[in-house]
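To start, I am sharing the structure in question, which I have written as structure tokens.
Residue numbering begins at 1 within each chain, and the chains themselves are lettered A, B, C and D in the order written.
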Amino acid sequence: MQPLGKSRLEAFSDGVVAIIVTIMVLELKVPHDASLHGLVQLTPLFLSYALSFLVVAILWVNHHHLLHTAHAVTGRMLWLNNHFLFWLSLVPFTTAYIGENHLAPLPVALYGLVLCLAGSAFDLLRRDIARSQASDPALAAMHHRSSRINAASALLYLAAVPLAWVSVWLSLAIYLLVPAAYFMPRNIEKMAAGQQPA
Amino acid sequence: MQPLGKSRLEAFSDGVVAIIVTIMVLELKVPHDASLHGLVQLTPLFLSYALSFLVVAILWVNHHHLLHTAHAVTGRMLWLNNHFLFWLSLVPFTTAYIGENHLAPLPVALYGLVLCLAGSAFDLLRRDIARSQASDPALAAMHHRSSRINAASALLYLAAVPLAWVSVWLSLAIYLLVPAAYFMPRNIEKMAAGQQPA
Amino acid sequence: MQPLGKSRLEAFSDGVVAIIVTIMVLELKVPHDASLHGLVQLTPLFLSYALSFLVVAILWVNHHHLLHTAHAVTGRMLWLNNHFLFWLSLVPFTTAYIGENHLAPLPVALYGLVLCLAGSAFDLLRRDIARSQASDPALAAMHHRSSRINAASALLYLAAVPLAWVSVWLSLAIYLLVPAAYFMPRNIEKMAAGQQPA
Amino acid sequence: MQPLGKSRLEAFSDGVVAIIVTIMVLELKVPHDASLHGLVQLTPLFLSYALSFLVVAILWVNHHHLLHTAHAVTGRMLWLNNHFLFWLSLVPFTTAYIGENHLAPLPVALYGLVLCLAGSAFDLLRRDIARSQASDPALAAMHHRSSRINAASALLYLAAVPLAWVSVWLSLAIYLLVPAAYFMPRNIEKMAAGQQPA
């Protein structure tokens, strides 16, 4: 029998990610009056939505680049992908939790923990795909570089967890820093050249 | 490595747009009594749903035509597309906001602002795809024409924002005018011929 | 430029239909106690969900068979499809409305009206696709037969609208009759042979 | 006319399963205070979500393996697949029901009943696909083995239904046992080799 194609893994992941980013917007409950005050009160929820949209979109783009290198998938890859999607599926919950209780340490910490777990799960998937491509030195080097960036991001998110009890602003700064690093000029250039940013 | 294909960008966009149009209908809360009065009260929500369905569907059809011209995508295109989907994902919120507070200026203005931002984001994506196709004069001319229409629509939506404080009816007239122009007889003929309406 | 492919029309329709059938189940609100009584009270909602799942699934299967015959799509077909999806997207609303107010005439009538409109919209799409295939007599004959069945179903749904004020049971009988006719033994045989049931 | 391809059946199933796993997370209502106590109270809901995610993911992976063996689909297969998706679509309801009333027999029993019905529906689909491949002895043997595993799982779920009134812990043990068996070392090895685990 032929090896499993990657199209359904991609289609299923695209579906889950599309739903994750879209249901987060359902947490933006419509104010029952049309005053500016009611709208302004939604600001923390809106900002947490925008940040989570960005983080999930980065993971989706990385997923796109990663799967682009793969030709066939194994049952093991399907499960490492499901594991990644499980942690990602908790992002709407932690986004709403941080949006409703914005400056409390527990929601801020939990937000970082879930992103750390999702990022680590993504790296496990990357390592498995990299193993199946060990014979291509260019791909292996690329996966190795990307894996180090993934690990650095996951460690930063992990550090943000206890820091939330020191100051939630430190944790929030980390949550802004990680996507900002992704969009550094050097990476934008790579993107324009069709490569995966580090 | 091969350039990124466009299939996942399309699949992800299709997923997000499918969810956007479908979750808007969740705002049509079922009346708890079966009287005609209860149903009639849903009329503004229903009309705002129908208008938003139409606007989102036009953007989806234009997205379909635009991506049809592209052969490969760059990381930059993925991000311009994500940027477009972000503003589009706010349409269910502004639709429910206008539907619940129908004749108040702020919701009417915000509705136009989000459509202006979504339309502008779509035009940024179009310009990037057009740049990659600059060597084909027929495509370049088509993108140039479409881009002018996109800009005109975005400007009309922008004008509707302050006009909402003059009269919400002026803004609502603009929101009806833009899709109506799309379905002018001249454009319908083009569609029948398999072209993108201007 | 090449004609538009049908893959995105199919993917978008699959997405919308998948969301429609799945969000209907969200109306089955979990009882807050674990008694048999609380569960039994959900029976009308469950039955209306099961019926709507069946009706939407029949339309999806027919859509699948219909698009299977098409090779390329025009802008006009995209819009006839969007028009069909618009009416279909109202089915979760009418399902919840009938489920919450089960024996009242207005919800029962509205349920039939929306199905009549969705079925008619589907037939408009079929006629447009049939027109583009007029040169193939076998396909033309198949579309003609199917169109008559579509028209008969839509008329039955239309008849159910005023009948709801005579007796809701008459309308409900029609809503059960239409899918039952679809699954008649003669049609099951055709399905097994890979044809579209009439 | 060509036989129906399997791509839309796969895309529709992927969409429905993606929505099912993602809307279950909406049941994790955000606590309105940021205390550890509020978060801890969500534990049963979280555990029921994690278990259901796992069970639905196993069925999706099996569906992926099963459809991988099929080349074309019949109308009958479309309907057996819709039947499977119908029972699967009830999993978010039974998950929320068990999560809100965790140690009551009725929700625990209903959870098993729906999984038994979904598993049996999946087996009906498998048998139909197997029948169409009877000429390939390797595939026939594989389907036969998998079918016995499916039947054993469905019987275990069925046994869990009455056992819930003896002790909910017995039923819950069965719900953990079935996925655990799926991930036994022997099966993990098969997955690594690209085969479907038994």
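Everything below uses one rule, namely that a contact is a pair of C-beta atoms (placed from the backbone, for glycine too) under 8 Å apart; a residue touches a chain by one contact, two chains touch by 3 or more.
Bear in mind the structure is a predicted one, so any value in this text is a computation, not a measurement.
J.: Please identify which chain has its centre, taken as the mean of its CA atoms, farthest from the centre of chain C.
T.: It is A whose centre lies farthest from that of chain C.
J.: Could you label the chain A-chain B interface same or different, taking same to mean over half of its residue numbers are used by both chains?
T.: The interface of chain A with chain B is built from mostly unshared positions.
J.: Between chain B and chain C, what is the gap in Å from one C-alpha centre to the other?
T.: Roughly 26 Å, centre to centre.
J.: Just how far, in Å, is the C-alpha centre of chain C from the one of chain A?
T.: Averaging C-alpha atoms per chain gives centres 37 Å apart.
J.: Taking each residue of chain C in turn, which ones touch at least two of the other chains?
T.: Where chain C meets two or more other chains at a single residue, that happens at 11, 15, 18-19, 23, 26.
J.: Write out the stretch or stretches of chain A touching chain D in their complex.
T.: 1-5, 8-9, 11-12, 15-16, 18-20, 23, 26-27, 72, 74-76, 78-79, 82, 85-86, 89-90, 92-93, 96-97, 100-101, 104-107, 110
J.: Please name which positions on chain C make contact with chain D in the complex.
T.: By the definition above, chain C touches chain D via 10-11, 14-15, 17-19, 21-23, 25-26, 28, 30-36, 39, 50, 53, 57, 60-61, 64-65, 67-69, 138-139, 188, 190-197.
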